[in-house]
Amino acid sequence: MAKIVSLPEAVAELVRDGDVVALEGFTHLIPFAAGHEIIRQARRDLTLVRMTPDLIYDQLIGAGCAAKLVFSWGGNPGVGSLHRMRDALKNEWPMPLEIEEHSHAGMANRYVAGASGVPFAILRGYAGTDLPLHTPTISSVTCPFTGEQLAAVAALNPDVTVVHAQRADRAGNVQLWGITGIQKEAVLAAKRSLVTVEEIVDELTPVPGAVVLPSWVVDRVATAPKGAAPSYAHGYYDRDNAAYRKWDAISRDRASFTSWLEELKGSAA
Amino acid sequence: MSTDSWTADEMMSVAAARSLREGQVCFVGIGLPSVAANLARRLHAPNLVLIYESGTIDTKPDELPLSIGDGILADSALSVVSVPEIFNYWLQPGRIDVGFLSGAQLDRFANINTTVIGEYDEPDVRLPGSGGAPEIAASCREVIVVMRHRLRAFVEQVDFVTSVGHGSGPDDRRVLGLRGAGPMKVITDLGILEPDPDTAELVLTAVHHGITVEQVRAETGWTLQVSADLRITAPPGEKELTTLRSLRTVGAAS
Amino acid sequence: MAKIVSLPEAVAELVRDGDVVALEGFTHLIPFAAGHEIIRQARRDLTLVRMTPDLIYDQLIGAGCAAKLVFSWGGNPGVGSLHRMRDALKNEWPMPLEIEEHSHAGMANRYVAGASGVPFAILRGYAGTDLPLHTPTISSVTCPFTGEQLAAVAALNPDVTVVHAQRADRAGNVQLWGITGIQKEAVLAAKRSLVTVEEIVDELTPVPGAVVLPSWVVDRVATAPKGAAPSYAHGYYDRDNAAYRKWDAISRDRASFTSWLEELKGSAA
Amino acid sequence: MSTDSWTADEMMSVAAARSLREGQVCFVGIGLPSVAANLARRLHAPNLVLIYESGTIDTKPDELPLSIGDGILADSALSVVSVPEIFNYWLQPGRIDVGFLSGAQLDRFANINTTVIGEYDEPDVRLPGSGGAPEIAASCREVIVVMRHRLRAFVEQVDFVTSVGHGSGPDDRRVLGLRGAGPMKVITDLGILEPDPDTAELVLTAVHHGITVEQVRAETGWTLQVSADLRITAPPGEKELTTLRSLRTVGAAS
């Protein structure tokens, strides 16, 4: 059963130095508040997993929390590059960053395998591309019925998955809707999970297209109103596109990033 | 800007929109492909089915999404499914007619690079990476590439094969087990390239109105062959231009 | 794009002698009306695929439509056995019936593989059971990352899948909700598909938990009000439990079954 | 029927209900298991999480479902998912505490047969088959079997292994890669059998109130070992009986 705690408590209890941590949310419901709390609590040597590392991972990387990045598309959507990620890769600032790179289909299937309790997934993917040359978690298997060769990817089972949702009930059952992305799989694949929510309600009334995560597959629920901003929470607030554009300028140089970081550390969750 | 003149980007978007046929099912990447697909839907293909990798199926956004998972895509969709489902059930089996892609580098066999410029381990430029592109390129019945024609982008051989076009020749896709036909058109701001049926090498089949073959060659990093029946793309019509210019992007200043 | 036609037309156009046909619906939304039309049109040599062959397959088997049954649980839920299926297996009446038998997890994954365009699926299943001795579509693969051995099942790609749904719009987009079972996968795995619906509406308003099948993956839509009876259609009518119990008596002997069959054949779709 | 007397089936259901603990997550088959699980939820385990293979998660039906996919299960569920999802995401990874099964035959290692009596190709009795049972037996943290104790059902060796109990001994599950502990209790209308920790063979650990060991042996097809500290099941309490008797099945005559 999920325990409902404060966000600082939840991060303190669940996220440990050296963990494989997935913060998921496909453009929508990105758990920024939780990511910021991880920065405030100065976690180190994390392997950060995420299909689309965007601002939140640029921030975690710049803050020195990450030793490795597992991903399939790293950019500032609609704006450009992730400058902190680039700086870490090219100049090892603030520290070296190892990468493990997949396609979206590969990453999605890795989470599916993880959620399903099997060690790998098969897909039609990667054939002819250069990715398998650099990524050891890509292999192949032969169909025992047709002899056909398919790509195989290793299951992803993060130590901790963090997602943001619209709401939870008092028992800790979680409900999210809109673009639900890979969140269900990421939570089910994880050893531990934290869900931040816009609000806690008495009852989860049904919503079209909603995904429900039962309390007993979630370890901690923490309220974090506007916890997905500057991304958005369907039905609650819109994406702050200006903030995404503004990040491009902040992140371009180490000084402006560092003052942003100091300001974040000085603020409360 | 009057409709008597237009930019090269506008010509590219209009040409790309024209390449889509009514009723087709189209897997759309963000950026130039999204502009072209949404333009086609407002022009000659009102029942074009747009699918974005965020899981939105048959979406009809009023404005252009800024990112692949904008709320406007979910709000206007017939159905929103999970990310694994969009790749496994919808893209992978080959039920999508057209994949619409762009890239940072493209080579003479229409292989696409969105990963790195330079060496993988010590890149000159680190690009965003694969996203959905490798499997879009593999599995759609055909692929249309939309990208600006620049010498640094149209290269003899891509630095990194993120998404397979025609590999290194006409038989490669079959050997690799890729079931779609691959890139059948590359639409740029200068003209249109199509794979030669015999060699799979991209040849120039059309230049846009006002563009010369020499201009195209100057921006192409391999010895570009020109089709015997080179066409000239009709200039954007008034309706095409006014519709394109009326497309607003979500959250943009008007 | 789905064409909206009458049920007799749809069956005539899509279902051919010798086809592999899946009529799916997990207890809920079982396409009885379509099955009855297949009987009326006297299709022969069908390979009938269904996770839970219940009354509708008992009827098709008794009517002589089936040469083979692919399934994972064959019974009259809450009542007992399928007497026509037993009679065909034991006494070849009205004709011999071949079987291919799986577990639910295996069948579900076979449809998933079919819908996903891959030739097989992996699962933790069948280990130590006697099923693999009798079922050639069960095999095994070795994980290329861990060396672990997992069960593999061959993809199912029916020639035709038939499902029943609550409603469709005039463009042929289909919406179903409640227990949605394996219907999406069964339709997406099929070469051709027919959906019968309770009603055709102007607009598909969102419903919590609904599955939507876009018009372009459906070949034919036919209205068949009460087309799932005696099973049920969530939000439309309840399961007719008495009819399930009554079938036990009707199907027990060939004479009473035959008069039931004659009556069915004399009725219109 | 007064609460001073009860049927053997009632004793079985009550004993099975008692075996479930508050807050457990339980994968429930239809029939006897469903009765016992719903009884437990109304007695000492109001937060028992019931999952049915039709895809209904945390369902709280007012009445007993007649079939595994009754509408009442969907209406009262926290979440309804697809059939592939219930098996792949929920059952297979081992996140379910208890799998509740029944069968037509059970042997001394708690292997279960629901497929055929006799030879597979020429069966004496054709049974419904596997359903979800093989993977429930494989993947739940533990399995509880509920079935009537009859000589024809409690056999030395099942005619067909539909669902693996303990195979042919204590190490078989590990060798087969089955991650759950397997059947830890067989609850019948006569008593309770549990696997011996050393041999994995089922031994009689309890007889129900009023039942003798001889009665149980007479209905068991192998030489049944009896536990040194054989317990006697407490008779059904008044609340247990009245609650059990108040359970109505959907659509049944009252």
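So that you can tell them apart, the chains are marked A, B, C and D in the order they are listed, and the count of residues begins at 1 in each.
The rule is short, and it goes like this: a contact is a pair of C-beta atoms (placed from the backbone, for glycine too) under 8 Å apart; a residue touches a chain by one contact, two chains touch by 3 or more.
A quick note: this is a predicted structure, and the numbers were derived from the prediction, not measured.
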item	value
Subunit A and subunit D, separation of their C-alpha mean positions in angstrom	40
Distance between the centres, which are taken as Cα means, of subunit D and subunit B, whole angstrom	57
Length of the line joining the C-alpha centres of subunit C and subunit D, rounded to whole Å	28
Contacts with two or more other chains, residues of subunit A listed in rising order	112, 117-118, 123-124, 148, 184-185, 209
Residues of subunit B touching at least two other chains	88, 92, 139
Category of the chain touch graph - line, ring, star, complete, other	other
Chain pairs in mutual contact under the definition given at the outset	A-B, A-C, A-D, B-C, C-D
Subunit B partner contacts - residues on subunit C that touch it in the complex	1, 112, 115-118, 173, 184-185, 188, 204, 212, 214, 216-217
Interface residues, subunit D side, partner subunit C - complex	30, 53-56, 66-71, 73-74, 80, 82-84, 87-88, 91-92, 115, 120, 123, 126, 128-135, 138-139, 160-164, 167, 172-173, 176-179, 250-252
Subunit C-facing residues of subunit A, complex	117-124, 137, 139-146, 148, 150, 152, 154, 206-210
Of subunit B, residues touching subunit C in the complex	23, 25, 49, 57-58, 78-79, 88-89, 92-95, 139
Touch list for subunit A against partner subunit B, complex	26-28, 51-52, 71-75, 77-78, 81, 85-86, 89-90, 101-105, 108-109, 111-112, 123-131, 133-134, 148-149, 178-182, 184-185, 209, 211, 232, 234, 238-239, 241-242, 244
